[in-house]
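Note that the chains take the letters A, B, C and D in the order they are written out, and that residue 1 is the start of every chain.
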Amino acid sequence: MEAVLLQVLAGLATGGIYASLALALVMIYQATHLVNFAQGEMAMFATYIAWSLVNAGVGYWPAFLLTVLIAFVLGVLIERVVIRPVENAPVLAVVVVFIGLLVILNSVAGWIFTYTIKSFPSPFPPALGIRYMSPHQVGALLVTLIVLALLYLFFRFTPLGLAMRAAAQNPVSSRLVGIRVGWMLALGWGLAAAVGAVAGMMVAPIVYLDPNMMSGILLYAFAAALLGGIDSPGGAVVGGLVVGVLENLLGAFVIGNELKLVVALVLIVGVLLVRPSGFFGSVQVSRV
Amino acid sequence: MKGRLFTIAALLTVALAFPALAQKKYDPGASDKEIKVGNTNPYSGPASAYGAIGKSIAAYFRMVNDRGGINGRKLNFISYDDGYSPPKTVEMARKLVEQDQVGTPSNTAIHKYMNAKKVPQLFVATGATKWNDAKSFPWTMGWQPNYQTEARIYARHILQTKPNAKIAVLYQNDDYGKDYLKGFEDGLGPQAQKMIVAKASYEVSEPTVDSQILQLKSSGADVFFNITTPKFAAQAIRAAYDSGWKPTHYLNNVSNSVGSVLKPAGIEKAVGIITSAYVKDPTDKRWANDPGMKAWRDFMAKYNPDGDTSDPFNVYGYTVAATLEQVLKQCGDTLTRENVMKQAASLKRFRIDTLLPGITISTGPSDYAPIEAMQLERFNGHEFELFGEVISNEQ
Amino acid sequence: MSKKLVTVTILLIVLACVLPLVLTNYRTFQATLVLVYAIALLGLNILTGYNGQISLGHGAFYAIGAYAAAMLMDQAGMPYWATIPIAGAVCLVIGFLFGLPALRLEGLYLALATFALAVSMPPILKAHFLEKWTGGVQGIVIVKPDPPAWLAAAGVKLSADQWLYYFVLAIAIVLFIAGWNLISGRVGRALVAIRDHHTAAEAMGINSAIYKSLAFGVSAMYTGIAGALGAIAVQFVAPDSFTVFLSITFLVGIVVGGLASLSGALHGALFIQFVPNIADELSKAAPWAVFGVFLIGFVYLMPTGVAGALRALTRRRSSGKLLHPKEALP
Amino acid sequence: MTALLEVADLRASYGATRVLHGIEFSLGERSITAVLGANGAGKTTTLRALCGMVRTEGEIRFAGQRIAGRRTEDIARLGIAHVPDGRGTFLYLTTEENLRLGAYARKDKRAVARDVERMYAYFPRLKERRRQQAGTLSGGEQQMLAVSRALMLAPKLLLLDEPSFGLAPLVVRELFGILRAINAESGVSMLLVEQNAAMALELADHACVIETGRVVIAGTAAELKRDDGVRRAYLGY
């Protein structure tokens, strides 16, 4: 029984990782109705920025805030410079631009920072640890939940959050009420990049920082985001946790490690067949 | 030797799963005084970390050329990105042989083909056992001690020190992991079934191996054999320690770097880890003033300034390149495929200062495993302490 | 098919036939890979370009085709040519069956399901209970076919690379013609109608379920045949050749080449075969960065793919006007 | 009459197809102008052109400023609200969120809150549905929401594209009544594109008829009602 509990808790910890990146995916989906395949690499890159700052002697929390800010600006810049010119291109062409971004960021990170793994500091005091979870795992989960709460408040209660949702849903009508849709998209990118940066800084102490840190995680985050409903931040977090726990239990007790991901994915797709909009998503037409 | 071009391909497909080879070819048609060395290496994709090996080999050859080359010939190093993908490796290998006229590289994908074409492939950068098979593949030679040899050394040590051990194994689910596992099981002999109480595999795409460690821990094992690449090794060391599991921990040589594995894992969590070594760890304080490593550091500063001096791959590439340099020197002016292969197979107690004391490189017509000796070492919280003899494994 | 198009096509085929006679064996081998990728991309284009179903998982069908060929040759001792139709048939069935549940999924969710398929393929190929047949993590090495004896008897001397090229070329021509027939006929119109006006298509009595599953099956069949040919050309299959990156590469190929365009498959194949090599030549330090820049550059310059750009070019030349897609009637 | 909006030689095209060939009209403050015309005559395009939703040539002056060629969102911020063809409702947002979005460009929070209540007073049914997703509203309710959303901008000019489309006659009557009241109360000018010419002419004080991209008749509503051609073509008697 203890073995099960341990696996569940470990699953929650890794699930928290998936959840944090899934949140960034949901963010950008809410703002642009696109799934950004480069999201993981953007988060990885931001984490390297944080790592450089910490190494340069900046304290953890100042470095954290600075990184979130830099990531936000970089996200806005990427939208303005890279994505803007393909605004009217077919959806799949935009997806290909995302893939281009992914390989560029991955490669440039390897070039600048090399492929050797780097340890990344954790800001959480030992007191945060519980019996089966390290302080950082608990702290990272809490941070994910805080980010989720902030996003919820932002989208639900601020005019800007409302305008961003509107711009993604119906750009034409949004312009008619005076919303600067272009800036909303850029803002969405900025916020997603900032959320991604937080995810990266929470993930890095667990999996170690290297240019491929996020490539595996992106896959799980994608599944988690869709399982929860791609337009629902809360769903993304629940989806992430479900995927993490499910995978651990399958691997440890049901079918072994070799095929646990396969079975987990089959189960997820099975759920989606029954509930095509995910657990918490609203029913609506989606684009990739 | 005027009026002749010697092209040599040292194809070091540097990857655990798709290993590398070096080889050469005699081409009587050309009239230049250079030796071409070809190589394919992943510079992009999921295994880009191995790119450091190709880059440090290139840097080493720049250094050789600055010194005047080998027997008056400059080395021309041609290296292509294989993206860690078999189809791309095949394509790039053929490009080297057929287009750049350097010879043929190889990996699993073209292992048979290369031998059929009688193109020497030297110093495949992997420990997969199949690269040391002189009889079936006389044109292919590995370099480092192969995985099975290493695993047998650990097995023997366990049998000697802890005959009643209950062993748990964590391994990467690919041919690198399986090769180690096989060597380990062979080494334990008939006891293997009984002694190994738990095995868990992981895929490189998995974010963590925490779940696997918990599985292994709950098996009640008191010995842990850790067959993982650096990132997962660091995770496993930390997770085992954090979960309160205190087995005797054997860590494969692939991940025994102090700076890039043990430190990230947490030095205090790595105390007592047993591993084996044949090259010097650039991050180990023991070698801070070692002349061999000093020479390597000077080399890094001058020829490979972008390289990471904590990355063992850079020592690896340097040492492989030095071995190839020696082979080419021995060839003198007879740079034919046959002679290159012959010379590669007649290295006698050749020493490079980046190898551990007591480790030498020897080959023979039926001995295609250049480095066969390793020494066990244990981490004391500050550095690795070598213990026992240099173990020279005769299979 | 316009007269001009026929001329161009015939010219292309003639050129393709002459190619290996002037190229080195290595270049011929590369050209073979281009043809293989073109077939795979044509398959994906039928599904994604013409029918609007996004697949992030066609690498899986490519893998199934490749393994079908490799296992049949390696274990059943079957001649290489006999494995091609079997690989195609296997993928047709699997693709059709996969297409049935996928009917319920739209857009992103279909993308996830196919993505899951791609991600699952390497672990399944490695699985220990299949190791006997798949060779596990080591994969299967197969022997490159020699030109048939009757050719030599007839006095035609071809290298193994040249022979394989012609073999693949013949299959590619057959598949492209079949694809053209499919696309320009009733089925093709139905597929496009389903893509553009789903409800209207249903109202017109098009059974979209059948057509969509069929598109999946045919698409998988093409890609599976390409996989089999690719395995024979490379002489090796291993689980890690077929990661999700392969699927993404295919998607990149059809977008860069041109969606919903037969010639786009060829343009895309040239891109995914050669542009990574160019990137590697330009920078050892960060080849992917160069590749990414190329990728984005292509999309900027030709948002509708190479085929779309060529179409626009010829149209402009013939009519003197350039239509802006943006200004199309709402 | 002071002209709030003056349009001269307005041309617009979709791709190669020119739809407007030089529209000309003006609209006074506090007035309601109806635009009549057959399908495809260019009525909707005229509204879109005013809002910068299609590429245009020619002259548009609004409250003394040239607005031709400006971006839609900037034109909206100048005080032109548009109830577009198809209503443009944010279907996945709630009724109240739709209203709040309408006032997005306004900074005066208190006045916005007051205006929300004012809209609920005009359309009590919206108040009942305030927390409901707009997509779940009936056609008539959605049209009310669209008009309210546009009014939330506190515009000087309201463009209405076939507000009666798809609504039951009773609902249309109610809606038009409220439009008249709003015009009288707050003085917002309206430009009304309508198929239902009889009702439009009843509501409007001025009107014009567009045929194939040109204004063919313009005048007061009363004048147009008397015009034989208009009567035959659009009023049906």
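Following the convention adopted for this analysis, a contact is a pair of C-beta atoms (placed from the backbone, for glycine too) under 8 Å apart; a residue touches a chain by one contact, two chains touch by 3 or more.
Small disclaimer: the values here were computed from a predicted structure and weren't measured.
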item: Chain labels contacting chain A and also chain B; value: C
item: Far-end chain from chain C, centres as C-alpha averages; value: D
item: Chain whose Cα mean lies nearest the overall Cα mean; value: A
item: Chains linked by the largest number of contacting C-beta pairs; value: A-C
item: Chain A and chain C: spacing of chain centres that average the CA atoms, whole Å; value: 32
item: Computed distance of Cα centres, chain D from chain B, in Å; value: 75
item: Geometric centre distance via CA averages, chain D-chain A, whole Å; value: 42
item: Geometric centre distance via CA averages, chain C-chain B, whole Å; value: 37
item: Residues of chain C engaged with two or more neighbouring chains; value: 119, 123, 126, 285-288, 291
item: Chain D: positions in contact with at least two other chains; value: none
item: Junction residues of chain B, two or more chains touched; value: 44, 46, 51, 173, 203, 205
item: In the complex, chain D residues that touch chain A; value: 51, 53, 71-73, 76-77, 81-82, 84, 88-93, 97, 100-105, 133, 149-150, 152-153
item: Chain C partner contacts - residues on chain A that touch it in the complex; value: 35, 82, 85-86, 88-90, 92-97, 99-104, 106-108, 110-111, 219, 222-223, 226, 230, 258-259, 261-262, 265-266, 268-269, 272-273, 276, 285-288
item: Residues of chain A touching chain D in the complex; value: 159, 162-163, 165-166, 169-170, 172-181, 282, 284
item: Residue ranges of chain B in contact with chain A within the complex; value: 44, 46, 48-49, 51-52, 173, 200-208, 210-212, 214-215, 218, 230-231, 234-235, 242-243, 260-261, 263-264, 307-308, 310-311
item: Chain C-facing residues of chain B, complex; value: 17, 43-46, 51, 54-55, 58, 79-81, 83-88, 90-91, 94-95, 97-99, 108-113, 173-175, 177-178, 203, 205, 306
